[in-house]
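Below are the structure tokens for one structure; questions will follow.
Chain naming follows the written order as A, B and C, and within any one chain the residues start at number 1.
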Amino acid sequence: MRRTLFTLFIVWSCTLSFASAQNVEPTRGGALQSLLWPEPPGIMSGQFLQSPALLVSTKLFEPLLTYDFALNPKAHLAESWEIAPDGKRYTFKLRRNVKWHDGKPFTADDVVFTFGEYLIDVHPRIKLVFQRTKVSKIDDYTVEFRLDEPFGPLVRSFGIGTEIVPAHLYKGTDFRKNPNNAAPVGTGPFKFKEWKRGEYIHLVKNADYWRRGLPYLDEIYYRLVPDAATRAIAIESQQLHLATQNDLELLHVDRLSKLPYIAVTTKGWEWGSPIVWIEMNNRKAPFSDKRFRQAVMYAVDHTFIRDTVFQGYAKIATGPIHSGSPFYEPNVRRYAFDPAKAESLLDEMGLKRGANGVRTTIKLLGLPYGEMWNRAAEYTKQALKKVGVEVVLEPSDAAGWSDRTRNWDFEMTMYFLTTLSDPALGVSRTFMSDNQRKGVLFTNHSGYANPKVDELFIRAAATANEAERKKLYSEVQKIMVDEAAVAWLVELVWPTVYNKKLHNVVIDSSGPNGNFAETWLAK
Amino acid sequence: MRFVAALLAWLPRAFLMLAAIGLLNFALIRMAPGDPAAVLAGESGASDEQFIAAIHRDYGLDRPLREQVFTYLRRLAVLDLGMSYRTQRPVASVIFERVPATLLLTVPALLLAIIVGTSLGTLAATRAGTWKDTLITSMAMLFYATPVFWVGLLLILLFSVSLEVLPPFGMASFIKKTGMPGVLDVLQHLIMPVLSLALFYMAVYVRVARAATIEVLGRGFVRTAYAKGLSSRQTLRRHVLRNAVLPSVTLAGLQVGQLMGGAVIIESVFAWPGIGRLAFDALMQRDYNVILGVFFVSSAMVVVANLLTDIVLRLIDPRIGRN
Amino acid sequence: MQRPALGGLRSWRFAIGAGALLLIALAAVFAPVLAPFDPWEIVGGQLQAPGAKHVLGTDMLGRDVMSGIIYGARVSLVIGLISTACSVAIGVLIGSLAGYFGGFVDRVLMRFTEFFQVIPSFLFVVLLVAIMTPSMTSIVIGIALVIWPPVARLVRSEFMTLRQREFVEAARVAGLSHGRIMMAEIMPNALPPVIAVASLMVATSILTEASLSFLGLADPNMISWGYMIGAARTVFRQAWWLSVFPGLSLLVTVLAVTLLADVIGDRHNPTLRAMAGG
């Protein structure tokens, strides 16, 4: 009798666990309450590139392709695509049953307009890619991009940042002053409903979305909460379901991650791949000497920065290309924390310690984006002081910082940059000697110039052969890291913190910047 | 009649004052390093010459400075505060959306400070030298010396973090309630910010009222009143209060400008959506028109407040106008 | 109504105020000797609560709070004193000219003073410091440019009263220049009440600097109590010591200054003196 009961019990519990292991059916409906901070100046795709703007615009507008975690392209508004063997022609076949939020059909005209006119005009980064292409309509649902030279990064350039905008509403207008910017019309799974300034942005479900049965959610509210501690409380108290990137201080993320109903993921930023570094003005001594730059790399404790300044939400950066990139080269010169080595390099350079122990005094322009960055600057000052370099911290605010950095008015400047999904898009711009454009931010501000590096970057961009590109990028990384072109600190990891009731938040490399068509909220 | 004439004479002077303030601030803000286009570029992780040029064009920043000044003054003359660079909305809407929040904070704080402060001050003066006086003056000194932002933080630590009886930040729960629960919600959020702001100014009024009352009590006519046989209370009310309140009222007019400063701090500590914080953020973003707009609006409020205190003073003591 | 026991009270306040201020000044001057650690150096684990090794705890990088507080006295005192001195200089200049010459000069200077009193002063300081980018110098200048009006008004009224006195008439008749009269004859009599106001202004400057630093407008190469509190905003729930101790330091300092200022002020308040029988 007992054995029978026991067997029954075993069978019963096995059945239960089997049942729970099955995929749960998504719940339809509900309102996703998400944080958003700071309030973006606008949410029109292509024109507003701030992180909070992107979080919203990507729900309303869609790109031709999406990219999985390994950055492999997947069909989206483009059903299929073909790359000619010579790498100079890309043909996209577009999906047919897609409608704009105002009911008009999505066609090749919209794609041609977006890449041929709109983005070239408004998007400072993307235009650099599509100025090389000529886009033309083959028929209502086929589009072709022609290039004079093959361009390796092109295949990874059809995701975030290149969402299609409606030609019938924007063609021939002043894009920046178009009234539709205030109530954007896209093809995405969510439509714009309302923006109550200082309070929330409200999106509702697109009932005519081309993916049948999606989205699961009825609406999304992006709540604007100015105070960091309140944002943490909002997530903790389950009033809000989702926070990402800079919404929460990393100290709070740590604490929240321990709660049973909160999940944290660091995936979903593969397309951005942000890296933090200290750029030194190569036009001035002692920064022109690579030994000084190397000394800086040896003097700072990267582990401390990762663990204490960034609360563990970072990876030590070893070079210019993000470790998640297919082109990442791990076999480069390693800069372990070695103040003694830093000191010997400085001695070798002729920067001896003076009577007061100081070799030289330099200035550091820190990034004024919050307390975490202030601590990073303060730590750097301390670390360099230990090896005899006196650092004067220069205060600034966002406007002052960007002015000084882009006008080369700095000795050392610290910041982070999204290196994007391809080195030719996000990395070369900082290091190529012909990209020194005074007055323009995120170009080569430091004046670093190595003709071999230039050549490697140019060759790597000019081919679509991945294997060849990998070899070229390996070589360029080895050279740049050896010369300490800049002092790389960490790769930023932006945690997405969400309530476990929320499912399918981060399903590909666009992470929380995905369109949330498959996201659902359990009751 | 003389009163109306005085008012009419006051108007152009006030307006000239505001124009001068506008001009000064216009000049100063332009001296701040950086420009709004740069801020937008920095936040976007992307920039190029056309991007910056387009923004300059949109905001009229590419026009020569003289022209920009004239445009600004011309607009100011018709009370057009221009457009906010950041949100591309009229500055007037941006500001007036948030003025109620600041008024909700500063007016009760000022009233609380004046009423409680003056009462305690006069009380202390009449009991000068006793333990009551010492207690009141010590408390006043304590609150005078405490930084406003620290009081706010301490109150939050006590009432929100430890005791968990009051909400720590904001003007209302972010999922808004309507009707009566909504009003109560706001009132609950209002307690700590108002208290933090009021305590310092209360201390000021205690000290001023106490000093003024002591001075008045020492004056000849009070002794005469006593001699005439008027009771202590009647004397207090009729003569002392009126004369003691005069400095408080004068002070109130001057303090409206200072209250804005207190508002900036309290609004930062409590994430209160008012114009103080708006001005600070706009400065960081180099949203010139918004900062200028806030300066203009607050200066206008100060000017009006001074006029009102002038009127109140004349009402309290008709001798003032006659001098 | 009872007679206030002013003599005893005054000496009591003086003792506390002067004593506290002396301690703070000593901390400021002898900081390198008194502080247990270098305030910038990372000497402990992150965010440690007050304990044996770090009496007031450590901050988010692991720096000792007690050392930070001791060094922080420098910024508060230096900025408090220098900006008040500058501001008094400005106020005295403007007030004396206005009060002595009267007429057109007075009207212009008073409009100028009124102008500065109408502008929301704290916002104006924020603007000035942001333009000049925060540093010890720019903060001192910013504060000085904003708090002088009360001094100007006071000096003006003193000069207006004193200028009519006989000794001034005599000096004019004797042929002394305006400058001589203002500096040598009137000023010494006009200054005592200014001292009382100035000592209160020190308190205001210290608080203003603290507020500026709290909002982030501080010289990042100096340790300021306000800055310490502002930097700890995001963690103040779990690390209360980072906000409480710097705030207490501010409180004690400003209290000491105010106590002293009151004592000085009482000396010059004729009514109070009369009531004390002096």
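One rule holds in what follows: contacts are C-beta pairs under 8 Å (C-beta built on N, C-alpha and C of every residue); 3 or more make two chains touch, one makes a residue touch a chain.
This structure is a prediction, so every number in the text was calculated from the model and none was measured.
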item	value
Comparison of A-C and B-C (more C-beta pairs in contact)	B-C
From chain A, the most remote chain by mean C-alpha position	C
Whole-Å gap between the CA centroids of chain A and chain B	42
CA centroid of chain B to CA centroid of chain C, Å	21
Gap in Å, rounded to a whole number, between the CA centres of chain C and chain A	47
Chain C: positions in contact with at least two other chains	130, 133, 236-237
Touching two or more other chains - residues of chain B	32-33, 283-284
Residues of chain A touching at least two other chains	229, 396-397, 400
Residues of chain C defined as touching chain B within the complex	1-6, 9, 111, 114-115, 117-128, 130-131, 133, 203, 207, 210-211, 214-215, 226, 229, 236-237, 240, 243-244, 247, 250-251, 254-255, 257-259, 262, 269, 271-272, 274-275
Of all residues in chain A, those that touch chain B in their complex	33, 41-42, 48-51, 121-125, 127-128, 176-177, 197-200, 223, 225-227, 229-230, 233-234, 239, 396-404, 406, 417-418, 437, 439-443
Contact set on chain B toward chain C in their complex	17, 20-21, 24-25, 28-29, 31-33, 126-130, 133-134, 141-142, 144-150, 153-154, 156-157, 161, 211, 214-215, 217-218, 254, 257-258, 260-262, 264-265, 268, 276, 279-280, 283-284, 291, 294-295, 298-299, 302-303, 306
Complex contacts: residues of chain A adjacent to chain C	228-229, 249, 251-252, 255, 304, 308-309, 366, 368, 371, 374-375, 377-379, 381-382, 385, 392-397, 400
Parts of chain B lying in touch with chain A, wherever the complex brings them together	32-36, 38-52, 54, 58, 86-89, 94, 97-98, 168-170, 174-176, 270-271, 273, 277, 283-286
